[in-house]
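So that we are looking at the same thing, I have put the structure below in structure tokens.
As written, the chain order gives the labels A, B, C and D, with residue 1 at the start of each chain.
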Amino acid sequence: MSTRSFFKRILGEFVHPSEEARAARKAHRAVDLCHALLSERGEVSGAALAREVLFEYQRLPEGSFAPFFDALASDFSPRPENVGSASEAYCGDPSPENLLRLQRAVEPPRQELFRRLNMAPGGTAALIALRRRLLPGLTANPAWKTIDADLAHLLGSWFNRGFLTLQRIDWHTPAIVLEKLTAYEAVHQIRSWRDLRRRLEADRRCFAFFHPVLPDEPLIFIEIALTRGMSAAVRPLLDPNSPVDDPARTDTAVFYSITNCQDGLRGISFGNLLIKQVAEELGRSLPRIQRYATLSPIPGFCAWLKAAETRIAQLAGGQALLEEIARLESPDWHRDAQSAGVLQPLLMRLCAYYLLEARNDGEPADAVARFHLGNGARLERLNWLADLSKQGMQRSAGLMVNYVYDLSDVEKNHEAYVKDRRIAASHELRALARDCPLSRQTGKP
Amino acid sequence: MSTRSFFKRILGEFVHPSEEARAARKAHRAVDLCHALLSERGEVSGAALAREVLFEYQRLPEGSFAPFFDALASDFSPRPENVGSASEAYCGDPSPENLLRLQRAVEPPRQELFRRLNMAPGGTAALIALRRRLLPGLTANPAWKTIDADLAHLLGSWFNRGFLTLQRIDWHTPAIVLEKLTAYEAVHQIRSWRDLRRRLEADRRCFAFFHPVLPDEPLIFIEIALTRGMSAAVRPLLDPNSPVDDPARTDTAVFYSITNCQDGLRGISFGNLLIKQVAEELGRSLPRIQRYATLSPIPGFCAWLKAAETRIAQLAGGQALLEEIARLESPDWHRDAQSAGVLQPLLMRLCAYYLLEARNDGEPADAVARFHLGNGARLERLNWLADLSKQGMQRSAGLMVNYVYDLSDVEKNHEAYVKDRRIAASHELRALARDCPLSRQTGKP
Amino acid sequence: MSTRSFFKRILGEFVHPSEEARAARKAHRAVDLCHALLSERGEVSGAALAREVLFEYQRLPEGSFAPFFDALASDFSPRPENVGSASEAYCGDPSPENLLRLQRAVEPPRQELFRRLNMAPGGTAALIALRRRLLPGLTANPAWKTIDADLAHLLGSWFNRGFLTLQRIDWHTPAIVLEKLTAYEAVHQIRSWRDLRRRLEADRRCFAFFHPVLPDEPLIFIEIALTRGMSAAVRPLLDPNSPVDDPARTDTAVFYSITNCQDGLRGISFGNLLIKQVAEELGRSLPRIQRYATLSPIPGFCAWLKAAETRIAQLAGGQALLEEIARLESPDWHRDAQSAGVLQPLLMRLCAYYLLEARNDGEPADAVARFHLGNGARLERLNWLADLSKQGMQRSAGLMVNYVYDLSDVEKNHEAYVKDRRIAASHELRALARDCPLSRQTGKP
Amino acid sequence: MSTRSFFKRILGEFVHPSEEARAARKAHRAVDLCHALLSERGEVSGAALAREVLFEYQRLPEGSFAPFFDALASDFSPRPENVGSASEAYCGDPSPENLLRLQRAVEPPRQELFRRLNMAPGGTAALIALRRRLLPGLTANPAWKTIDADLAHLLGSWFNRGFLTLQRIDWHTPAIVLEKLTAYEAVHQIRSWRDLRRRLEADRRCFAFFHPVLPDEPLIFIEIALTRGMSAAVRPLLDPNSPVDDPARTDTAVFYSITNCQDGLRGISFGNLLIKQVAEELGRSLPRIQRYATLSPIPGFCAWLKAAETRIAQLAGGQALLEEIARLESPDWHRDAQSAGVLQPLLMRLCAYYLLEARNDGEPADAVARFHLGNGARLERLNWLADLSKQGMQRSAGLMVNYVYDLSDVEKNHEAYVKDRRIAASHELRALARDCPLSRQTGKP
């Protein structure tokens, strides 16, 4: 559809649509500039035009984005007739020349548009922001998926690991970056500058990936506590008043939080790269550290347990078990010694079973487990009453788990996981899972 | 063709091909690693594997590159059957889903391979070097063109203007960079550190584009002399013993050399971007500069003149002209006052005609003219005996030309050039061209 | 006194002085190391020994400082006998050689001790901290003044303007520096990171001097608001919720706070240097700024007014004036329209008189006035109800004053002030002072 | 002497002294500005005035420096009458107050003048340059020694080790610094950029001290070769064509050149600090390095040998020895196998004796030996035909010596040397010295 017809359609849909018409007009103007940016043969005014497009785009009122995205999807896609003839030519003779012609025919002009937009100062950030704005609308506007595919492809190429730098974050870091950590932190909220500062003291570490054109924007960051032994509870790690330990006396690096910062880079994974590179970096600078472990939530446990009740009911003694499990309903059950005493052995076993055996399409049911096991980590230890926050109690009955990154096994674990969905786990965790009532049942869930 | 069959073929071609076999074996090993790098589901060992591939690749003996490139071309291209079925599906129903499927089918796995190689330290530099090695073999090995297309596409995207930084080069620049300027300079050879130093004094400027992952590698650089009036000859600009002028007293910036440094980035154009950005930068820091001009060679003039002799012969008085032109044959003709006196008016007119009227496929015949006119510059002034170097005398009978970049006209000039092949030129130059004997002829060449 | 006798004295003063004896012993150990550091011929172990001294010094318990300083004062001063004989020699024959000998004799070995201490990492910071600890004890321990004189001399030489760098402070500044601004700010307390952040927005500026060996320690900093017109009240400047203005539309730079950070550098003045250099810097980067003015407290006004009551009483109509002045006693007088209406003209006149005419030893009675007038500023405008804080009301009845730094007059004003104690002031302020009842009296106060 | 009388004197000395008078007038103007800079009460225009003084000073013609220095010596020294009365007061009552007064009286106003000059941009460099210009004139103008004493005092304080930074110099260093290495290198001349580059390759190291206000000016630098075993000859180290060794396979760091760069900082010693800090730095970054040694010239050997001939003549067999020694006179003696064979055992013994036993005032006669032994190094090994350069043959008959810096012994060696003039030396060297004919004599030289 040409821009003109697009505009007519927009106008045609409404009678006296003053507000909408204005929004459409503004979208139209931005789209026109996009066409100009692309149609410029040569690049003489590329950067200046790109700047103009961004300027117009960034001033669009809320209502203009939908028509703007519609036009991006319709006007800047490959021409079906070109694709068709190139396809046919290729099907007739799959020569390299015909392949190249087909490749050119299927590449949306949109990609070149985005590459030219990137020439403007702030272009990369603007494209990330554009995708962030686009993503929530994908379901309602399936046509926009082609825009997303182009952006994901480009950004994935531009944010290649080879272009990123790993930087330590500490109290010498500019405030503009620290402020963003606070805003982005997704696992354990940073409550104040004092809270943040504690997380950057001598017995803590924080690292982030940055891209050279976005020096103030962490892409992903990880928070680490240097401890003596592997942490079994999260609150002491987060307590702003906890005493600062001498890092030379610690032996374990506990990765207690990892946060992707840029919604607009969704699907471009940095996490496993970051964990491994940080572990190597720590190994160099702190040779006494012997173990790299996480202290991780188990976000899906309680939901799975709920869903598993029918199966439990069918076990011998199942009703009794369900009654015990029902103690979780009473508020503050963990402060009641009897309840806690009854629940601890039962939930530990069920949770071990959940982590090792519960699967969706062959993959572990737990999202966090999928991430760490996919990275080659090992399920190491379940921790009772490890996260007493409201969320922690609701999602996993206060349980947390340590995954261990043993650098010499990571690759082996990863391969076993990818090929056979085999999960690396400690004897202790396996034993717990074996003792789970559901295991004594026949087979797999 | 599978790797196995490729290997068989290589081996099969020679009986006892000890040397070749060894080279093939080494290429084979590198190719195997490339497959491993790609087949790795997930990215756990991506960076480590990428490092290994590069290590193997960089140790390949000379004879291994051809088989290695052969395999890159054969093994990592799209599968015709996939492309075929996706094409058919799309031709049947040109839906967004089918387009996406087709796009995926036509993207060579090679591109993902290159993206993964880029994760290794030094990966980007290695890919540029790989392309530099590949380019000279394209004619003899047309199959390699698909490799080149992939690299050109990726590098073009990665070296987008938005990711480059403009840096001033001066005597505070690290020696490792300065040394490279000396090695790369393509227009006016830098003969010594003293020569280089003169080009970085207070009345000179030098700027280069850099990419953040290649901090020691200029991509393109430009050399500028700040002068009083527009330079008419190149030797004074290059003389290491010339007195250093006070930049505050200069009014013209003469761009006397621009050099693309990276063969492996051939076809990715930075030149016009650099000229315009440098002009803006100079405008800010040296507000007294009123004119931005080049002092440029005219590389194709003498060759064109040779070819034009038949036409000249056909003119009235053509034989007399040819006799005069023949004076160019005698060595050191320019030192002979009579010869020079006769030739100056004639050659100036012919050269103006050459620059304004000689075309190939509608574009100016002179390569340097194509570059500057395409950027929106204006042909300003021909300079007699401006370049007495051997090359300068051979290629353009010592003539040089100033192109002027008038920032307020650049866009207009560019559009007129791109759309109608109209050339911006000074009255003086137009007048010279009009007075050329060839003009008095009927029409255009 | 030798170290030995010093130690005996310390021990002799107390019977069973377990605590004191321990403290003295520790001081003694540090003093011994100081002797070792000085006695080392050559410098082979200077840095290592200096490090040791600092280590011991920094672990001294509270009670050890007095004996340590006593020993610094007694053991490391020039030897009277040397000074005596060098003096005599010089008095007999004032030759250059005898002068040099006398100079060497009077330089305390302490200075060389401090210079050697400075070789240790952190040495400069430690010496500043030492002086900060020393200063409060000077009155009670006059002997320590010689230590202070040596430190002041050395630090004054080391923190020479030529070694300092002016740095802009903004939201890109490391948190470790910003945190210190908050801690040090002495004029208008910074209440939170949000408050701080507002002071670093686009319409604010903050600059500080730094010394290269103390990159995280501002020495002095100044806070500036870019405004339209000269601010007449301080609260709007400090309001964290005030809208951020476009700096390109402002015409005035209001210096609303200047803070010396390092107690240990007391007496080494950076203030006037900072103000002038910042004004020049702003002039370069913000050419539309036409005026550099302060918004300053008048800390001594109310105290002076109290003391002047006797003189006022003696004026014709003096009793009536005193009654009006007495309205200041009632709480929240400024909210009472009548009181405010009566007081405004009176207090404005009295305060103008105070600033222009009240003197101590020929210098302005007001400390802030002395600073800015001594720097060459001009008294510009009195502002009614400009500072409603408790302190502002108590010290100056809410009045504040603008001093203007007119760079072209600063030197002239400074000279007139230094030579003749002439004060530069606006006509408006002079008129107010002239109209003050005290002026109509005979002459000067 | 007042400035006025100084000026009269200058003028009075010559009739028609056009040239001299002009020079004196210019000196006078600069001196006047110095007075203004000092007399400025307060500092309002300090930096501007300091700039003016430097500007005038730097344009002084050659002939103006003597009168300028004369005035610096006469006009800015302490006033004898003040010193006299302060001395008398102190002699009468050696109180702290009187000491402070005396200290102030003897400090030349020149020191404050220099401190104020330092406020100008480039001030520190200008003061260093001023001293460099002053030093050669001290012998002829003893009055200038007071100027030198003041500068030496100030610069010594300002260039305290605590303010210097150690920086590695390599091919990434700015050309402006590398160029200076070439200009300054005093031990083994750097002949070209290629020669320099070889000295910065992977198996070489170069470090320098810098002061923060002189980022382009190395103060002292040291050149190091990483070798297998301790070098026995200098030419291989300096050969620009020598193959580059893998530093990971080396075990010895050979310090083959150390150069003080700034004449104006003469007497302020950085050498021993630099050697020790570099050794520590190398120990950290290259843990396989086991030995830190120099390859040093023996500049005084041949001169001493000449002077020792009378003593040798008196030995039993002395005439025969002298005849052998006389072989040194014939050109290229070292290429004559017989001469070399005869001379080697004899000269090695004499040189060992020279290094260990020849003394001036108790200190080693050899200047280089004094430096390294004073730093705590050990005489390790004599090397035959180690330096065949003209200078090397003339000064030490081609001999060189290795001093070893054993970090665990350095302090002990230094103390033994400083207290008892005991020299640390290897058994081998002691044995050679013992076998020297001069040793078989009675006792010490």
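Simple rule for what comes next: a contact is a pair of C-beta atoms (placed from the backbone, for glycine too) under 8 Å apart; a residue touches a chain by one contact, two chains touch by 3 or more.
Remember, predicted model here, so these are calculated numbers, not experimental data.
Averaging Cα atoms per chain gives one point for each, and the point farthest from that of subunit C is the centre of B.
The distance from the centre of subunit B to the centre of subunit D, each centre being the mean of the chain's C-alpha atoms, comes to 52 Å.
Measuring from the averaged C-alpha position of subunit A to that of subunit D gives a distance of 61 Å. In terms of inter-chain touching, the protein chains here make up one closed cycle, each touching precisely two others. Across the whole structure, chains are in contact as follows: A-B, A-C, B-D, C-D. Remark: subunit B residues 41-47, 77-78, 80, 83-84, 87-88, 90-91, 94, 96, 99-100, 102-103, 106-107, 115, 118-120, 123-124, 142-143, 145-146, 149, 154, 156-158, 160-163, 212-213, 269, 272-273, 276, 374-376, 410-411, 414, 418 touch subunit A in the complex. By the touch criterion given at the top, residues 171-176, 178-179, 193, 197, 216 of subunit D touch subunit B in their complex.
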